[in-house]
Amino acid sequence: MANEFLPLFYTFHFYLFSLIALVSAIVFVTRKSPVAAALWLVVVMFALAALYVMLNAEFVGVMQVLVYAGAIMVVFLFVVMLLNLGHPSELNDIRGRWGRLAAGLLGLALVAELMALSRGGVAYNFSLPAAPKAEVLAGPAGVIGPIAAPLFREYLLAFELTSVLLLVAIIGAVVLAKKRSA
Amino acid sequence: MNFDLSTPAGLMGALVPDIVLMVGAMVLMLYAAWRPESAAHQRNVGYASLVVIAVTVAAVLWFASRGLTATEGVIAVDGFRWAADVIFLLSAAATIAMGIESNPRDRIMGGESHVLVLFAAAGMMIMAASRDLMILFLGVEMMSIAVYVLAGINRGSIRSAEGALKYFLLGAFSTGFLLYGIALIYGATGTTNIAVVGERIASFALAGHAMLLIGVGLLLIGFAFKVAAVPFHMWAPDAYEGAPTPITAYMAAAVKAAAFAMFLRVWIEAFLLIDGAWFAPVWWVAAATMIVGNVVALAQRNMKRMLAYSSIVHGGYLLVAVAAGTPLGSSAFLFYAVAYTLATFGAFAVVSAVQKPGEHATPIADYDGLWSTRPWLAVGFGVCMLALLGFPIFGGAGFFAKWYVLQAALTSPRGLVPLSVVLVLTSVVSAGYYLHIVRVMFMRPRPEGAAEPATLQPLTRMVLVGSVVMLLVLGLFPGALAGWATSNAAITPPEARNPFPTVPFN
Amino acid sequence: MTAMLNSMGYNGWILTLLLALPLIGAVMLAVQGSTAGTADAAAKVSSARKTALLFFLVEAIVSLGLWWSVDYSSAEWQAAVTVPWIPAWGVYFRIGVDGIAVLLILLTTCLMPLTVLGSWTSIKEKPHAFYAMLLLLTTGMLGVFMSLDLVLFYVFWELMLIPMYLIIGIWGGQRRLYASLKFFLFTMLGSLLMLVAILYIGFKTAGADGVPVFAYDTLVQSGNYPGNAALWLFGAFFIAFAVKVPMWPFHTWLPDAHVEAPTAGSVVLASIMLKMGTFGFIRFALPLFPYAATHPMVKSTVIVLAVVGIVYGALVSMVQPDFKKLVAYSSVSHLGVVMLGLFAFTTQSVQGALLVNINHGISTGALFLLIGMIYERRHSRQIADFGGIAKVMPMFAVMLTIVALSSIGVPGTNGFVGEFLVLIGSFRTQPIAAVISATVVIFAAVYLLWALQRIIYNPLARPENAALKDLNMREVGLLVPLIIGIFWIGFYPKPLLDRTHAAATRLVVQMGGVPEANTTVATPGEGR
Amino acid sequence: MLAESLALSAALFTIGVVGVLTRRNAIIVFMCVELMLNAVNLSFVALSKVYGATGQVFVIFVMTVAAAEAAVGLAIIISIFRHKKSVNLQDINLLRG
Amino acid sequence: MQAHPLAETVARLVWFLPLLPLIGFLINGALSLKSAYVAGPADPDGHDGEHANHGEHQDVGGHGGTGHDAHGHDDHAPAVRHKFAAITSIVGPGVMVLSFGLALAIFFAMRGAEMHNPYINTLFSWMPAGSLQLNAALQLDALSMVMVLVITGVGMLIHIFSVGYMQDDPGYPRYFAYLNLFVFFMLLLVLGANYVVTFVGWEGVGLCSYLLIGFWFSEKANADAGKKAFIVNRIGDFGFMVAMFMIFAHVGSLDYVTIAERAGSFAPGGLVVTAICLFLFLGCAGKSAQIPLYTWLPDAMAGPTPVSALIHAATMVTAGVFLVARSSMLFSIAPVASLTVALTGAVTAIFAATIGLKQWDIKKVLAYSTVSQLGYMFVGVGVGAYTAGVFHLITHAFFKALLFLGSGSVIYVMHRAYHATHNHGDDAQDMRNMGGMKQFMPITWTLMWIATLAIAGVPPFSGFFSKDEILAAVFSRAHGSPLADATLLGMPGSTVLYLIWVLALAAALLTAIYMTRMMLYTFHGPNRTGDAAKPHLAEAPWVMTGPLVVLGVLSLAGGWLNLPKVITDLIPVGPTATLEHWLEPVVGAATSRVAGGAAHLSATTEELLIGTAVAIAIAGIAIAWTRLKPAALTTKNAAVPATGIQRVLENKWYVDEAYDATVVKPIYGASKGVLWAGVDVGIIDTMLVNGTAALARFFGWVGSQLQTGRVGTYAWLLVIGAVLVLRAFARAS
């Protein structure tokens, strides 16, 4: 999907999903119930997935729905259920008014500083002699191809490291969560 | 030999020590899971882990001795990396050695703890090696996740679980900052390769670029969290206190060293030219770390917490070396890391010995009059304390470590005399708690009916004796270590390449 | 004598030997201590003190050769040794002596056996460790006097700290924990600032290869630091040394440390360690930063602090109920005299200051030994607990009187010679300060004679004092060398003055003063 | 749309931070951290329009890391829940000082 | 340099003069270390019993027969006489005899030699430091020779007297050790060839004085008195030292000979030389007990009486006079300083004399008399009559030594009597307890009267000549001399000189009165010792009386040393102005410089002056003789407290109390309250040192309180830190 031929439609939807993401995020942090919060977070993720697609990152968008919303958040919900934390009455876990106000102000300061990043913008077109060759830049055609190229060439090491990382996480989770044998 | 990192073979070649360690760790993981938990099995896995480390160390040393180089790429092949690797691996070995003996006491019967130490070490090695922010991030995560688990590995202890939770939550939180920083740096420079970032900052005059600077700021926050710099340090005392003692030592020494290794590499290779932006924040963070860490340490009544604050403080001292931002700073770091690691493991070996079985708390009062019952234990601990204090001769290499940092600070073109003064003045404050330990051990009587500390077990004793002897020898003859640190400090600062025509984007 | 020593190559090995001997002794004691696990306490004490005494005696005897072997008029460092230590950092093991150092070294080596004798029966706990600490301390102190490399100097300087900290903290009195920590922190505060300054000048002087220079001679010759930097650097050295001296108002660690330390600790502290401060000024702070040292602001500040210290120390000393504290404050006063002499920058005052250094070492050391002797008998240092004990301890009374008179500065004793030279020399450049300081002759008499009266004179009112035993042979024997020193320097200080003349003149010249040959110079009479 | 994406990313990141500051439930705090990571991912994706697909690769890595963290993090939360029967962070303050 | 004429004579052994007493000191000192106190396990003095209590039954001056336990009744105590007493009795006085003999030999050698320059005997280089080249050197000239003769001569007599007086004291060798040491230092003082050697002696005699005053140290008052003497002397020594500093700074040397050569470079009457002289005089005032530093001398009577005679009458206290004479080359060009010296001397003379009027302790009377007479000597040297001052010094040494030794005899006898009758309540030194001693001690009585007439200035006794010469000098300088032209305290010099003259005359009158009073109360009238003790009163042994006789002869005939021309013109009894001629090479130039253009007094004037002085002396004696009624006296214990001016005088004008309130207490209080408790403990230690430590600990506590253990807090701090860090970066962009 590109914005060349349907600019208004594109822009409208971009802002729409942005708004959904933003509002859902706010609702997410203000929900008392963990289950509700988790579900609102899923909404944020869906909206982001839509934005990814609109930003020409279709594969990532799909992964977002499959892995993030589909797997990771399910695990969250699962744990919430497992620990039986669902009852809102015992989970009034949001800070008081002053705490929220202060947090909001701190958040405003933070976002103001982060917004400074827009001042410079992305102004340069970097190209270097050692930059990837033409066919690499062009890459295989299709949706996955452009991702696969860097993933298995430049970031092969990173890719392999993620596998080790997951392994570590698995051992860790198992070690921590299993019942004591002794 | 020159590795061509653009080929998988070259990359693998350059990563042989890391691969050795990771593969070894994986094999051991299977071995650990092979049999039911038991003290004996735990011990066997531990010994096997030591063997893996030994092999890895051999590989590292072999690589280090070959004067290898590599093309530009995602990892560095240089002396700094090998030097840092040696520190991590020796720390891991000491941790495992102490763990083999203290785990049964803490009722940690699984061999997985040793495996996780190995994985964490692998993550550290990646951190020290990476020249790409993404690789760096994955290295950090590999180390962090392993250490999160290690912090909470004593499942029977609520303190351990609590420490792990705090460490994890805040760690994940800070990871967000770190990652955002990487994203913005990528956004500003179009690359995640550290060297290329540095070059592009030089070539394209990005010193005032807002996105870059915000990115660097976020990255600094992430790093500061990992090195437990004030005010991002709050996790450290709790996590250190909760973790099993050998793991605490590991966190205090190796995790910190790894964080600084990446900190220095990134800072020198990528951001040296924007020192105008980061100098003031780093200066203040360093000063705050030294002051707050030292002052709060004065109030501690628990040995592990005291050492946690002490570790925060030493992070502050090393931040001075970072602020110096010179190759001398990185060699000072290497020297310091060695001395600090030795002192830390020496100290925690004693803590581990004095710690009462079944009890998690380590009140300083347990050390009252230690000299009268265990003179050599007290002397060893005293040496470690003085080393941490940075005292010559009696504190061994600790003095020259501080000396080296001061040297880096005073020769820095950035004018760090005031920070050096802060360093020495806060060192005086640190005497308040290090010497307190000395006086508790030597000058107070042993309380009536105080339990005799258990005899040091052989591996722990080896760690203690080894650390102390090394400290003292290096304190008398620091030349070799200094030479090693100097020759391995060659993190190359960036230089501008021919700027390419800039084309306005979009 | 000189020829004989030269034929032995004495100057080549003596300094190294002096540094090594106590270390060997300390190691031997450590070994002895850890192997003597089952021996009974008395046997341990006996073996430890004998070993320590042996080492200290050998050290003292060996060191005596320096008296003859050294060419005191030479501008070169004597008995110098240079060995690379950490050449990459420009750090060398450089040692050597001049007249000033030799006297202080001899004071140290000769006093140490006496401190062992002084602790002969009073140290019962962990004797091996105690004497090992004393030996380590000796190496540190001697090293400070010999170092010609600033880093080496710093290392030795700090080396002294820990043994003394432990000596006070382990074998000290009631408030030993407080006192020892205070001692440590005061000293460390000063010395760490000095460390920064040492590094700074080392790097400022670095050659083209970037290797810093810490060689004393090079630093002194190239000592051109921009005005403000020189002042700051001098300030860093000043604090380090002023704490050690101790100058007012950096002195409050001293009374506590002195009072709480065991006898040997007090003696070493007063007699030798305080000299480190003044020695530091003479050897390092002044020659390295002549601009700063002669800067009117600095000079007047130091002189004012010295004078305040002199009078203040004496007055506060007067009202002390604790004899050790009294002596401690009197040290503040005496060392103020030394500082006045140094900063007056005349030949007489500097030579006098050097002599006061030695004298204070002898007199105050003897005073602390004497206090230790009665403390051992009576377990009190409160002046009010005594009175009239000259009746039962006549020998003690005689010794105390002689030593007190020396401390007061009665002519014929060493105290007079030093003080007189300082004051007469200082008067030439700092007349007002010298006149105010001269009141010390009054106040010293007040506080010491009053104490003397309340301890050895007056009615023997307390029955527990009536049973006190007089000094035994060991105690008398260990005091006799000090008494001899008191009178020898009092009546014939020329050998000492001759030995310090060249060094003192060098210092005066460095400070922009007029060199004075050892002859009477006809100075023009006073104007209208 | 780059600037808008980056701004949205910053806003979401900040909301995540504010969430961490205001919530006391360990799991929700952790979810807020996930939101922060998602915000960063949006930046990467947006930047990938400028610099090519590499940014998208990063997102995949981040997702992996998030998954790994989730596994370990939830295990830790379960572990503390076993001891305290609560995941309220206000109650978890045995270690302090 | 041409050899000095004395170099080949016995004078080259001059260093034996001090060495002999030093040897005596060493021997006696060694003997004394073998303590007599070892006799018992516990202190023999601290418990009940006769001997033990001898301290308490006497007041401040109490001692007298401390040693006189040899009467066989102290059976409970071991023999107290020191076991080496015999050796001491030989060595102690023996070295003095030898020394005196040597002094005589040197004296005769000097008389035979043609001497223009002092003979300098350099022993060794003492303090060589740059341009300061101090030698341990002795200087033999007319002045030091005179002093040596007085010291060794009178000293020898007093040593001999002491053998009787102190023999049975347990500290007998210690006593002689101190005494010998004193003589050593005193000889050093007068023989020193530079100020510093003199200063050694100067301080040394002070030290011995301290030791001897506190000889019976078990008595707090005695120890106090010794300490007071030393400290007050030190105040003077401070002045002496400052004077030396100034001399060195301006002259470049401290040798007398060199200073004399270079003194010409000072501007006459200049500020510097005046300051030098005034500081020197501060030293003299301390040593010679002048206002304002005289207070130690009366207290010094706590020492044994021979000590009072030797140190606090004949020798040490005159060192100040000697020093002024020695420094005449400086004083003579500092008229203001000279006038100050003279005026201080005159005021002291009259002031002390007033106090002497009302003292009951026989030694106190003599002590104030000494202060007064020292004032006289300072009047002499102050007005530039150096010979007169030294002359009075010599005669005073004779008659005051005699007075002290005589009173010592009386006290000895009194004490012996009280001791024999186990009377511990009465004071053996109080004149109210004496009376009528003439009948028991006729020899002493006679000799004491000779001395009294001498001190009162009755011709032909020695004091008459010396005192008269001083008065004449004051009078003659009042016109035309540089002194008369100078201004002191806004008064012209001549006025000051006349004032001095009047004061001196008044002092002479008072002297005559109080001395007669003392004689009357002690020797005349009825005896008040008590019936029990009376039978025990008898003349002291010959070893004590013998020296008295010798001194009596000297007091009687001492005036012949320096007969004034006006007398010899009148009655040719002997050589004129012997002493003046003798001292001419030393002080002649200075004397004539001070005299300046002052006209010599005419014979008539001089005769008139002499007549006045004699009349006043006789008037004084007559007043006392007629007004005082010894028969009406009650014993000390029965005396009613005095009132009014009498009480003020009895309490010595409350000067001690005033000093205590204005100097001693404030300094002590300020040192303790302000400096120690306030500055040291309060500000430096508590506030700065411990305060900093406490502050650090406090912040540490605050920090550890922030470490709440709650993740929320940590996250908050983290974010705050993040916002701050990002702010720095955002600003940099």
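Each chain carries a letter (A, B, C, D and E) given by its place in the written order, and its residues are counted from 1.
Methods note: a residue touches a chain if its C-beta (ideal position, glycine included) is under 8 Å from a C-beta of that chain, and two chains touch if they have at least 3 such contacts.
Every value quoted in this text rests on a predicted model; they were computed, and no experiment measured them.
Please give the intersection of the contact partners of chain A with those of chain E.
Both-contact set = B, D.
Over the chains that touch one another, what is the least number of steps taking chain A to chain D?
1
Show which chains lie in contact with chain A and also with chain B.
D, E
Looking at mean CA positions, which chain is nearest the middle of everything shown?
C
Looking at CA centres, what chain is most distant from chain B?
Farthest chain from chain B, going by C-alpha centroids: E.
Where are there more C-beta contacts: D-E or B-C?
Of the two interfaces, D-E and B-C, more C-beta pairs touch across B-C.
Need the most distant chain from chain C, centre defined as the mean of C-alpha atoms.
The most distant chain relative to chain C turns out to be A.
With chain centres taken as the means of their Cα atoms, state the distance from chain B to chain C in Å.
Going by mean C-alpha positions, chain B sits 44 Å from chain C.
For chain B versus chain E, what separation do you get between their C-alpha means, in angstrom?
That pair's centroid distance is 79 Å.
Need the CA-centroid distance for the pair chain B / chain D, whole Å please.
Going by mean C-alpha positions, chain B sits 25 Å from chain D.
Measuring centre to centre with CA averages, how many angstrom lie between chain C and chain E?
38
Could you say which residues in chain E touch two or more other chains, in rising order?
693, 704, 707, 709, 711-712, 715-716, 719-720, 722, 726, 729-730, 733, in rising order.
Provide the list of chain B residues touching at least two other chains, using ranges where the numbers run on.
134, 138, 141, 145, 148-149, 152, 155, 164-166, 169, 173, 184, 187, 190-191, 208-210, 212, 214, 237-238, 299-300, 432, 505
Going through chain D residue by residue, note those that touch at least 2 other chains and give them in order.
In chain D, 2, 6, 13, 16-17, 20-21, 24, 26, 29-30, 47, 50-51, 54, 61, 65, 68-69, 72, 75-77, 79, 89, 92, 94-97 touch at least two other chains.
Considering every pair of chains, which are in touch?
A-B, A-D, A-E, B-C, B-D, B-E, C-E, D-E
For a test of understanding, state which residues of chain B touch chain E in their complex under the given definition.
So the residues of chain B touching chain E come out as 165-166, 169-170, 173-174, 177, 208-210, 212-214, 216-218, 220-221, 224-225, 230-232, 234-235, 237-238, 274, 276-278, 280-281, 284-285, 292, 295-300, 429, 432.
Quick one: which bits of chain A touch chain E in the complex? Just the residue numbers, please.
95, 106, 109-110, 113-114, 116, 119-120
For a test of understanding, state which residues of chain D touch chain B in their complex under the given definition.
Residue list for chain D touching chain B: 2, 6, 9, 13, 16-17, 20, 26, 29-30, 33, 36-37, 39-40, 43-44, 47, 50-51, 54-55, 58, 61-62, 65, 68-69, 72-73, 75-77, 79-80, 82-84, 89, 92, 94-97.
Which of the residues in chain A come into contact with chain D in the complex?
3, 11, 14-15, 18, 21-22, 25-26, 28-29, 34, 37-38, 41, 44-45, 48, 51-52, 54-57, 59-60, 63-64, 67-68, 71-73, 75-76, 79-80, 82-83, 85, 91, 93-95, 99-100, 103-104, 106-107, 110-111, 114-115, 117-118, 121-122, 126, 137, 139, 146-147, 149-151, 154-155, 158-159, 162, 165-166, 168-170, 172-174, 176-177
What does chain B use to touch chain A in their complex?
The contact residues of chain B facing chain A are 8, 11, 15, 22, 26, 29, 36-37, 72, 74-75, 107, 109-110, 112-113, 115-116, 119, 122, 126, 132, 134-135, 138-139, 141-142, 145-146, 148-149, 152-153, 155-156, 164, 184, 187-191, 196, 200, 204, 208-212, 214-215, 497, 500, 502-505.
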